[in-house]
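Dropping a structure here in structure tokens format, bear with me for questions.
Every chain is named by a letter (A, B, C and D) in the order it is written, and numbering of its residues begins at 1.
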């Protein structure tokens, strides 16, 4: 009987605590600056060394000849596993993660050429709430 | 009669409380309250965005519309007529005992001197329809769910009957009005606490709440008797459970908590409603507290401790009535 | 797809796999339930459960729903890409499950991680162990019908996910270690976050214990259910906490200490009973052991680099602040030909990786033995003779995770 | 008048469906862990009216949680066909889009070859935020659907 009472009091005690939930569209989790989200390429720094293509575990990166006569990486978001190997391997730091992991598409056209690499929703998101 | 003449008591009882409006309002509020309460115990919000200012109160309504407008699947291998008819029958049969229970003086559909006894018997008879429903679905998981339902019914119906009997013996009547009148001094819960405890546990078993949520145990038998139902039939099949909770808590409020006392009329109805919360709130909260028992453990509780307790409650009543 | 031929001369209990329900022995007294792949009581697997009344007579597992051919895919990929491939076997336990691969690759490449990297690996491994135990406990809760255990377990896991994201950059698949070190150094605010995390976990686990483990209903459901005694455990080759629950005192971390496990002080948790309750208790106590290991690691965390000097020497300009961004270097170092074997204690038991390297960057063959696969047989044996309601309890008390088993 | 009524009914149905997306319990691969997080306390998909259901007959959104192997593909197809109309599909994880890190495996198939998919989520595994965003995209599709 006492155990059951204790169970009920433990449960009722929780009713008076604020919920822990991150209310997603209004609040966003603060994952810190290392969070691996969208990958963007800074063309001014890119030296077209193709090291990112070589280290990619999912072969998600392919190089494309662009209008300025140089080759830049395009990413296949149907293969990219966001492991960050390409960012780590990049000798100049031109490939960077954006703190935005909400990568959602409504069609299968998920291969992004270098010219389409930065979709509108790849912008960094405000991080407001932290559980820890 | 406190009500103006065009609104006679039985009409109010049939349409507003404890009749149609009460049942459907209870369905919406209870489902919302259950999800909200459980969510708050679990450090989260529960239904929220569907109606932000109301705290997600419209969530059951949205579910209802979704279910009504989704495709109805009638399996080919079943008896389709029975497949469609049993959940509807079950839903209304679960609500039938309300006819004999008064929510306030005069607010009763069919006044009868054995009203409460009839209501108890009706509540217990409905389990047959539940089993029939599970049987017509012709699915292995529903068979097992039906078997568990039968076993569980066998475990709770004797203690439930004995608990009600103890109270009838104590009061010397089964007329809802007289039962409440007798309690004007002391409520039934104080006169016979044993019967109250038995009734509470039997209510959890009868409405298959945790820890006795065994017929529809998800990891073993998917949804038990409700597995094959979708669309509108699911509302009837699943809503029947909540109707049963409504009926049993109304019965409990009248039987143990003095019904509409100390008021009458519209206020009395509200007081009855509030007293139902004593049964409904724990029944909602246990979902967040307990896992479920195995069927053999539930049977051991039902045929063991619960039966002994209910027999003791009857003896207590006999003694009390004799001393009185 | 050609249908494999079923050996019809064998009885159900004698063989391990079935293709469909019709292939089970007919005419018996039992009722065959097909649990899975779409069933709330199964993960990504199927169980053919033959029940006689409420008693389980026979259980035939049908794994392979998540078989993605990790071992075959490993054959034509460069060795550094195997880490993200292997960690998908058990994503919340990604640090531990990649550990043997890393150790084997380090032997093959002749690299030695600096002390700080060793400690950081142990730190992440133990955090990931706590997290995986929480995951299993949460799922055990929901399989018993206790939704609050599920919600609280996942809420706590989410805090671990956040710390993982802060340190390594991803919630689950962190791909944190690389041959010769780790990819990211830990900053002081990360250390603070880990300390806060441990404190919050300890505080919240008290309520968790009151509501779940001390619940009389939970105890009634788990005690004396699915007993596997020590002899049978050894015969069936059970590993990890599930073997320790039957009284087998074996832990790779103690027997063959790798990285910094030799320097930290911890106890191997053993229970005697071998039932579902003992398996739950072992994991519960291991969580506290892991937390104490994390505290010791934080206290003794050495200073220095997180990447082997040999790698940095090859290409010093890759080095960046707090980041061991040396992945480009791997494209021009090659493993020594030979066979390399490494074992590590993942959360659910000993994991083994056997590499055949031929001097090319692509390993010739990788053998990857995961603990869940080894526990499957014992899980099935433990279910037999119990009641139908015991099936989910036994299932999750073995912490069976199908992607880990099927690879 | 008739069109007005039918429009009102259609709006009501779409409103109900939008706020009551119930996924069945089908775990195809390891992204199920993040789906667990999605329904856990920290993200609480129940705010959007999502409720995991045991049976297919009541559910209307299928979340493909990662890889579909050839062995699983048959069952995914069965399950999709058994769900009542209207039904929606979210393909979660790089594996479900084009194969992710398991590209070229002999035992897997992209989700789009098995089912019609309404939203794809990249990542391995995607974060719960991403899945919630996919769900809101599906909700938008429902709300703006033509009768």
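Everything that follows uses one rule, which is that a residue touches a chain if its C-beta (ideal position, glycine included) is under 8 Å from a C-beta of that chain, and two chains touch if they have at least 3 such contacts.
Just so it is clear, the model here is predicted, and its values are computed rather than measured.
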Using mean Cα positions as chain centres, tell me which chain lies farthest from subunit B. A
Look at the interfaces B-C and A-B and say which one is made up of more C-beta pairs in contact. B-C
Distance between subunit B and subunit C based on Cα centroids, please, to the nearest Å. 45
Centroid of subunit A to centroid of subunit B, CA atoms only: how many Å? 49
Whole-Å separation of chain centres (CA-atom averages), subunit A against subunit C: 25
Taking each chain's centre as the mean of its CA atoms, how far is subunit A from subunit D in angstrom? 21
Using the touch definition from the top, which residues of subunit A touch two or more other chains? 7, 11, 14, 19-21, 23, 29, 57-58, 81-83, 131
Using the touch rule from the top of the page, what residues of subunit B touch 2 or more other chains? 39, 41-45, 48, 218, 222, 288-290
Residues of subunit D that touch at least two other chains are 25, 41-44, 47, 54, 101, 124, 127
Mapping chain-to-chain touches, which pattern fits: line, ring, star, complete or other? complete
Touching subunit C in the complex: which residues of subunit D? 24-30, 32-34, 36-37, 39-43, 54, 56, 67, 69-72, 75, 79, 101-102, 104-108, 124-125, 127
Quick one: in the complex, what on subunit C touches subunit A? 77, 80-85, 148, 155, 158-159, 162-163, 165-171, 173, 175, 183-184, 193, 196-197, 200, 207, 210-211, 214-216, 317-318, 320, 323-328, 330-331
For subunit A, which residues count as touching subunit C in their complex? 3-4, 6-7, 10-11, 13-14, 20, 29-32, 34-36, 51, 54-58, 81-85, 87-91, 93, 97, 130-132
Of subunit A, residues touching subunit B in the complex: 7-8, 11-12, 14-15, 17, 19-21, 23
In their shared complex, at which residues does subunit C touch subunit D? 1, 37-40, 43-44, 64-69, 72-73, 84-85, 88-92, 135, 138-139, 150-155, 157-158, 161, 171-173, 403
